[in-house]
Amino acid sequence: MLDTAKIVNDPVHGFVRLPAGRVLKVLSHPIVQRLRRISQLGLAHFVYPGATHTRFLHALGVMHLADEALSILSRKGVKLSKETWEAVLLAALLHDIGHSPFSHSLEKYILPLSHEEIGYACLSLLEDSVGTLTEVRSLWEGDHPLTFLCELIASQLDVDRLDYLVRDSFFTGVQEGLVGTERLIHTMTVVNNHLVVEEKGQNSAEKFIVTRRFMYWQVYLHKGVLGAEWLLQRWWRAMEVAAPPFFLESRKKLSEQGIPYFLRIDESTLWGWIHYGVESDFLPLRVLSRALLERIPYKLRPIVEQESYLERERWLNSLSPHLRPWWEWFWAEGWAESKAYEPSSGKDIYILTKGGDVKALVELSPWLPALNEPMRRFFAGGIPAAFLEWLSR
Amino acid sequence: MLDTAKIVNDPVHGFVRLPAGRVLKVLSHPIVQRLRRISQLGLAHFVYPGATHTRFLHALGVMHLADEALSILSRKGVKLSKETWEAVLLAALLHDIGHSPFSHSLEKYILPLSHEEIGYACLSLLEDSVGTLTEVRSLWEGDHPLTFLCELIASQLDVDRLDYLVRDSFFTGVQEGLVGTERLIHTMTVVNNHLVVEEKGQNSAEKFIVTRRFMYWQVYLHKGVLGAEWLLQRWWRAMEVAAPPFFLESRKKLSEQGIPYFLRIDESTLWGWIHYGVESDFLPLRVLSRALLERIPYKLRPIVEQESYLERERWLNSLSPHLRPWWEWFWAEGWAESKAYEPSSGKDIYILTKGGDVKALVELSPWLPALNEPMRRFFAGGIPAAFLEWLSR
Amino acid sequence: MLDTAKIVNDPVHGFVRLPAGRVLKVLSHPIVQRLRRISQLGLAHFVYPGATHTRFLHALGVMHLADEALSILSRKGVKLSKETWEAVLLAALLHDIGHSPFSHSLEKYILPLSHEEIGYACLSLLEDSVGTLTEVRSLWEGDHPLTFLCELIASQLDVDRLDYLVRDSFFTGVQEGLVGTERLIHTMTVVNNHLVVEEKGQNSAEKFIVTRRFMYWQVYLHKGVLGAEWLLQRWWRAMEVAAPPFFLESRKKLSEQGIPYFLRIDESTLWGWIHYGVESDFLPLRVLSRALLERIPYKLRPIVEQESYLERERWLNSLSPHLRPWWEWFWAEGWAESKAYEPSSGKDIYILTKGGDVKALVELSPWLPALNEPMRRFFAGGIPAAFLEWLSR
Amino acid sequence: MLDTAKIVNDPVHGFVRLPAGRVLKVLSHPIVQRLRRISQLGLAHFVYPGATHTRFLHALGVMHLADEALSILSRKGVKLSKETWEAVLLAALLHDIGHSPFSHSLEKYILPLSHEEIGYACLSLLEDSVGTLTEVRSLWEGDHPLTFLCELIASQLDVDRLDYLVRDSFFTGVQEGLVGTERLIHTMTVVNNHLVVEEKGQNSAEKFIVTRRFMYWQVYLHKGVLGAEWLLQRWWRAMEVAAPPFFLESRKKLSEQGIPYFLRIDESTLWGWIHYGVESDFLPLRVLSRALLERIPYKLRPIVEQESYLERERWLNSLSPHLRPWWEWFWAEGWAESKAYEPSSGKDIYILTKGGDVKALVELSPWLPALNEPMRRFFAGGIPAAFLEWLSR
């Protein structure tokens, strides 16, 4: 176990210890501090006003759970060098380092790269300050010789998921999202270099999968949240069309400097642009900017895709003539889907039975895949006409 | 809404208000106060040492949730007379009044009556003190003209279940048992005289069913808990065989006086008998009594029924010769099963869709019945030989 | 009680109901929505990373507690018209409407007005949309004929304090900040037109005062938090000295348009300016801007004021020559003080004894004023030299 | 750190690990298992119906906190042998082993010995099973060479107090009783062989003292709780007067066999006696027994001692003639007092300042002793006449 340098209060996990050494150095790096200005759930606070927690806090939480898991595994006889222990903490802490402002909502919009691609680039930038991060990279890539550590960082039951379910539950106030994080971590063990859950944790593992599905519909794909995220994406398109000078300059720098410039853009930057949009001559940008500032998302409803035209007609008819030409900016439709659990993909949670066998959870709980079916829904809706009038004045 | 007479602290729901009038009178009746000496979960505290909460506290909680539900329904336009409101609170408060000491474990052992049968008899006894309880009776029997009130008291999603899931979760420390009680109650409404859940509560209703299933395996049918309950039942049989004078006398009075005498027996009475058992000449009673006092339950394992004889052989071979003749007292096997959700029975939770239709939850969430399959498990095991030596000294 | 229009999840109080009518209209007004971009605790998240909750959420919470208190008072026989009930909710909801970005840290910096003065101006602006708010104004000014309602909104034990203590405790993770909000509200009653606490709430009222004092030192005046707030204030001064064009223009508009322009400035605006500061030619602005982005506050220590020069000398000697000329920008010292409880001011919490008398809490708990003494501390410290090197590169 | 053998769910602290070796052996000993049938707070559940938690659960919690504290101290460089670590856990686990049924209420009634005296005797009994416990004894007696370990077990800020405050708060539902256990334990360190709290824990230490005082009045010395405890003590006296045969026999065995026989008496035994009391010919015993079963305590009020005769007269006049001769059994009066904090006794909490000095908390927080003044109150009251009629029928 690494020595403790500092302790930080996390309302979710209690006291989180920050080990001395490279972890503390990485933590204070501007690239990591930037995560303080990236919200964990984008615009979900439109629906759940408590959900203003940041990627930074989540990153601390994931690191904490990794540290807890390693402590428990080491008490069960797993031996790790200090270097590897530190690498696991760093791999956990940095796992989301490449996220855009508003997290998933604008991923690939600002730069045409996934957050994983940006994450690897960040690792290289950090190496200039803190030395080689080869072991972190191999934990991310899944080719570290201690496979169970890779699984701790990224798998069906990794510390990322364990943290975000309980954390998002805490800050949204959706109590049903609580999972038995502590139990799951206490029942983890290592068999044949793989991370498995002891049989007494099987119920909790099942519960974890069900809860994750629940949180998708109740929070991540809530129609109000989707309506806000789609609004933000459309706003970005309007910005590209209006193309004000500062935006063009920013895009130029992005293409010239790439990731280092990207990392200077955070949510305050974007909100600054939204404020500018309010004064644009381009009506859609003006309306969408104000809609973001005044919390007026697309009012989506789950419907049958084939019937979306009916909804749309009804809404179109409510618009006043001067707004109709712009209607496509103020209407949204599309699919939302989530995969709570995909044992078919060859990835599953593995259970160590009392008899000593390792079995896939899907074998022990054959009802679980049934959960997967209806995880796709079609939504459509527009900004209500009365609000559009107000926003376009 | 009834006037508040007193307020009581409930660690689960916060402040519970006790309305003036008949509720307060019933609450202070010896028949209800007796529930202070009946534990909610029998011997589950053998496994979860915090689970010492009583039927009395649960009864308060159920009444509180009923009161909350009526407040919310009345804000949605449901009109109720004060008499009916009070009757609903009493029906909730008294729903478990007929429970034996150790609740389900010894049901029908002390008197050959179910707790519902005893409950009706208690109602008659209470009427001597507080006047007619006809409306309570009709709420229990399901023939009250306001059907939704019957459903609030007893259905797939009644205030009983809403309270016990969250309460048992709280006291055992099994956090995964939390359900969104508050959300479910806030989304209840009445359509065509039936209690339904608004669509925005559908996720929570699904979650409720899954959680209930979870709590069955994690708590109610936990093998350690089963091992303790079966031990208690076997202890009762040993008592019947040994038949000490005070026990015979008590049985005589039970058959003569019936329920009024039954109601004077609580868990302290039974523990008193267990203390006596320690000094019995009948070895099985002596061993089982000490096993209860020293928390040494049958050590059960889930196995295939056909293989139980293998387990048994192995265990039998470990016993010393002087104990073998008594082996049947110290070995247990049997099925445990639970029905989390049975839409097939014609009873389901009903959802009021945004479109105004009422649909069974099973239609909207066709994966739910899949949960039902593996809810039956066979367990077998004995008191470990080393402990038997100790207990029989 | 007003009809419920919507329900919102608050992780602190659970479900918060939003009544139909003017409350909903006010809530969706841009002036109120702006509070979503004002943090409740300024830069306290530098120390407590969970503390990213907003003034908007706090405003909802205060309104909720006011609604709860009115419900309880009305069950105790206090009669209120619907108009007055709504006015109380609005007075609660809007009580902080005039706050600057970063709340108290920059109060009077952007406009030379207190948040109360701006609050009254906001009321006038809102009246254009929702009609007269005269009763709200009289509740704020304390001259409403129902004095107890004024006290509910602003007094030693008002719903503002009840909400922020428990909320700040929740989001910082400082569990000791919890107060018995529910108990205090349940024990409120009205005597001679004044709000008083029934004797059974006296312990909780004492506890509330002690807790408030605790939260001052543990959170609001934590040296890390002070170090961040002073940094922000100094950054503003640097901005005034550097005076970049956009800043001058903004000041011009502020002086021309006043409050309506002020209300378009939120924390994202300020963070945008901080981003600009990074590229300034003025070294102090550059350093302080980066210090804010990278979370490097003044490292304060509580010391005796007379000895601050010693601290300062030590720190100055550690600076490299090129930074010394600018030292005053990077060093901070001053007093922090808090008044937990000031019964001497003629304002106290009043207790209704069982005997029917109303007594000031200070009479019943004469030890309380002792709490007041040491609520003043002197702090001094600078940005550590090593960090200054880094920031000024 | 000791290896983990088992894990137990504690609703307060989460997962509590039980180390292999002697701890597990001691834990399963009948003397310790007996604590499952001793409630932590006696009859406090008369007022707080959730407070049915046991001494057993508290003992586990104290051991857990001791284990946590040792882990944290060892990360700060304190070295301990495995034997000493185990001894500390045992000293914590067993600290309340000598408690009577109903804890403090009946201390010295059943046997004329304090719970500490009985505790030492229990230690000797346990040594027969698990070997020498000399080191545990020296930790209790305060003469262990590592003084800070003695202080961890028994001092103004020991793990006993840290556990019971938070636990009693949890089970009563009195949220204000929460203390920052985690913070306090994390800020403990050792200076000159003494346990001290680092300066950053000073606020929490102050808060701990204030909270303890609060819990005294809100729970431990609540007039309803006192009324129940005094009832129980009076009931014991009535039993001594009535002296039924089984009681005489039990007393005889107590005087012959002493502590081993005492340890077979638990709360179920006492409740059994209360049940017998209901059928006694001795009216006071009959009434008091029923009062306990039906939860009808003395109805106490805090008054000036000199005026108790007025209260008594008023109450006496309400009694019917046939009850007056027995009045002394049904009336109670006396002092209750608590000492939250007694720095004057030479025992205080010590703070390690940032400057490296160790100071008594009373020096740093001179307002603390003011808390001590009004911790004594006189109470008087009787069983209400109407209830007496009912109980004596």
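First chain written, first letter: the chains are A, B, C and D, and each begins at residue 1.
The definition used in the following text is that a residue touches a chain if its C-beta (ideal position, glycine included) is under 8 Å from a C-beta of that chain, and two chains touch if they have at least 3 such contacts.
None of these values were measured; they are calculated from a predicted model.
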{"item": "Interchain contact steps from chain A to chain C (minimum; 1 if touching)", "value": "1"}
{"item": "Relative to chain C, chain with the most remote C-alpha centre", "value": "B"}
{"item": "Chain pair with the higher count of C-beta pairs in contact (C-D, B-D)", "value": "B-D"}
{"item": "Between chain C and chain D, centroid-to-centroid distance (C-alpha), Å", "value": "41"}
{"item": "Intercentroid distance (Cα basis), chain C paired with chain B, Å", "value": "48"}
{"item": "Centroid spacing, where centroids are CA-atom means, of chain B and chain D in whole angstrom", "value": "30"}
{"item": "Shared-contact residues (touching 2 or more other chains) in chain A", "value": "14, 174, 182-183"}
{"item": "Chain D contact footprint on chain C (complex, rising order)", "value": "174-176, 178-180, 182-183, 203-204, 206-207, 210-211, 214, 217-218, 301, 354, 365-367, 370-371, 373-374"}
{"item": "Of all residues in chain A, those that touch chain C in their complex", "value": "8-12, 14, 28, 30, 33-34, 36-37, 45, 48-50, 52-54, 56-57, 60, 170-174, 264, 266-272, 274-275, 290, 293-295"}
{"item": "Contact set on chain D toward chain A in their complex", "value": "1, 3-4, 7, 14-15, 75, 182-183, 186"}
